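A short write-up of the structure that comes next.
Going by the order they are written in, the chains are A, B, C and D; count residues from 1 in each one.
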């Protein structure tokens, strides 16, 4: 890894927001100016018992209750049981640690317990609103989806951006379309056996461009060759070292099909107290 | 009630989206033009074991799991157990029924079961993005919060809007600040014993203005004088008859304090398959 | 079916215990006299994420929480999420209905809701303690397990009992070893695709002998040829018509191996208020 | 504490069953001989949303699902969400640790994780079947219930036993009636603010008599003067040092009322894989 690429201390010793600091009010305003059509894309897959999910996790479980208060009159509610890292979701900055340290040097032994995390939890992210960019790697490569274990390098990101005439700027939210979600409904066994994704050369690229969040249409953003994965080095370098947000299991093909490479991006995690992640329904508005 | 105020059939016999149909692309674009400062308000209360919740419901339950994969190296995840109508949340159009009928005449007996709803479920709402308006009733009345059981009439809505110089237009999302959430942390017993809210005269007002969603900083938008409530007539008239979305337990005081009466409103429910509602983290962007 | 084989009204119009009424104090005492060795068999399969479970049900989900109260000092607890009909379990007498009627004629529409059952719920069964009998059908047939869809008739029960020199008496709890659980660990796909089990001729047999509970080492006691089953006629005739208890997913091979055909049987469901079943850990004591 | 009262190594370095080893087949047989009336007492409180529960724990949550498979024909099931230490329950021998050590010296850091415990978990207890004794302390003292924080000493146990003409023998399961459960329904606030219970002098008594399990009609067997408790020293000495089982929130008044001081005791925890406790429905059979 690149041991010296870290954002620890960059926004103060107490910072718990990481790369969210990179999004300025000016950039939010500029991103809102991208809204020309008034069209909204929901980038979320169904949060379903059979939705995309790391195969080691439990399935989302939902039961609906009916309260009848009179003849033909009633109310319904649901009981939902899920991992916070269910379906389309966002990792908080306490999702991973090494050397017992979370992003910004917080002690994992002290702060992350069965009762949640007292540092870097998801409630530190009221929302991610900013300038979103789609890098359609599958489209650039001319394939419906990259193959299992196929890597995407920093150079690929640059060349794809160039082919799209997309400029990457500080604070941007970058979404990478691998096409992997296209096989979700067709071949679940293949989908659950690994994925194409970013390799470690992208860490320096994300840091150099001061990207605020990185998402993809796969389980873990990064390339995974076996399931369970033998390690997730990109997670540690991105989340723990850079304080960078990962957004996973996105539905990106509709954006790619419409060649919508820039948009107002809006994602608002559930404000689950002390939680380490949240399912989300991110939007691209154009 | 006003038996003849209904939107059934207005958007077709098969419509499952109700007043979401009132938001046009043009209005989304116009709403995005309101973003001048690049400031984002999260309108959600913490989704917490002790968060705001109808007292008859179970508390949100969260446990964090830690997976240690090596010396000092690990991952965290959460198990979340909650009602879909937990904390700050949105009702779907199958949340209530009478005469065995849901919005648009669908048969509740056939469509709403323990396995969810096959009509009007929350997945029909990819997002609510549009022109948001705050009506600060507490501010207009010069009080920190309205009192338990105090009603807000259509006339109050008009006069408050006039005092703010706020114009209400078709498709708008209207948020009503009663100040009730201000007592949540101070007096939970009072908070849980009922609430100030809209009375039935507002139904005609909401219909006449073609409002797309109505929210408030209380449990049920409508006035509740006893808990459990003896009935929730506004719910039936709004959700079932008008196909109108209710957004509950909002945090609105920061918007009111800043006199931000108009904004780009964004709420994206979790795409829970066949669910009858969803916790949300709605945003006001200015 | 045998429309006239019913125990409705037999123990009064208000009875909610069904065949539990058949176990007399004298029989409990006699059953206790069977304890000669002081050996206890637990007849339960592990209540596990991968435990035996109707394939349409959710998996049992367990997370352990750790509370550290000082350096090296702590407490653990678990959060358990499960169906009441999980693993080795017992059906209550409100588990099934037809013609909108539960056992003893109670109206299912009125009594069984999302909030539980107000008639025939599991809390009506403080315990099943009595004279247990094992009918080792697999052993009698000389096979390790019966085959998928293989039926067991009333005549088979009689002949098996005769071969074991086992006498069946009123109030007995009858456990049928099909051997099907022997393939659980070896061939889960086969195990989950149906099962050998009792056919409808056994209903009259169970009624004639005044059996108080019937159990087996399979999902549903009765024969199932396809999964999901096309119907479960035995369930309706036994539970609803006879008020007879079904105990499912038992581990019976150790009893069969030891030729323990008679024993003190003890099963104590969790006293889940208004629940429709319960996981149990039944014991055979000899 | 009494640092030298330990059963570690007594049943081998690998033992995970602790005092369960003290119950011999001969004693089970003798206990079964106590069954003279054929009467069964269920010693469990309702496992209910409002059931007895450490006030720091979440309430048990149950939702019933209805599956309609035809006109008037259906099945019900429940979704149950609970702590393993819910209602009337049993602690496993991995429930507490100090000096990072579980009973028999196992390393808590290594063995107890979010995924359960790989030592001393509840599945090591197929059942507790043996000679049960009730010590009716409240009856002996002539009170309906002991008072909040009132202690029961080893001397009290002896004098109560003598007054009942009850002899305590090795392997016995001892249940202590404090009467505290009698106030559960009348004064929940008092019930949840602490409890009368055993003091530390009882540890030596339990060890000297080789008791296999100790139960009471309160939250924690031991005396608790404030809630949350400032410490639970009896738990550590009993569970961790002696490998002794604690059974909590029992319903004992019916046994006391009938002066049933000796009985066949049967408790069968759910075989939850790697769990640290289990709700149970213990029985006293006479």
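FYI, a residue touches a chain if its C-beta (ideal position, glycine included) is under 8 Å from a C-beta of that chain, and two chains touch if they have at least 3 such contacts.
All of these numbers come straight from a predicted model, not from anything done at the bench.
Participant: Among all the other chains, which ones are in touch with both subunit C and subunit D?
Facilitator: Correct list: A, B.
Participant: Considering only chains that satisfy the touch condition with subunit A, which of them also satisfy it with subunit D?
Facilitator: Looking at subunit D and subunit A together, the chains touching each of them are B, C.
Participant: More than half overlap in residue numbers between the two sides of the subunit B-subunit C interface, or less? Answer same or different.
Facilitator: Both copies touch with mostly the same residues.
Participant: Between subunit B and subunit D, what is the gap in Å from one C-alpha centre to the other?
Facilitator: One centre to the other, that is 46 Å.
Participant: Whole-Å distance, subunit B centre to subunit C centre, using C-alpha means?
Facilitator: 46
Participant: Indicate the whole-number Å distance between the mean C-alpha point of subunit A and the mean C-alpha point of subunit B.
Facilitator: Using C-alpha averages as centres, the distance is 26 Å.
Participant: Quick check on subunit B: which residues sit in contact with 2+ other chains?
Facilitator: 49, 58, 61, 63-66, 79, 81, 113-115
Participant: Note which residues of subunit C are touching subunit D in the complex, please.
Facilitator: The contact residues of subunit C facing subunit D are 24-29, 32-33, 35-40, 42, 44-49, 51, 57-58, 60, 62-66, 69-70, 72-85, 87-88, 94-101, 108, 112-117, 123, 126-127, 129, 231, 235-236, 264, 266-277, 279-283, 285.
Participant: For subunit B, which residues count as touching subunit C in their complex?
Facilitator: By the definition above, subunit B touches subunit C via 61, 63, 65, 79, 81, 114.
Participant: Taking the touch rule as given, give the residues of subunit A at its contact with subunit C in the complex, in rising order.
Facilitator: Residues 49, 58-59, 61, 64-68, 81, 113-115.
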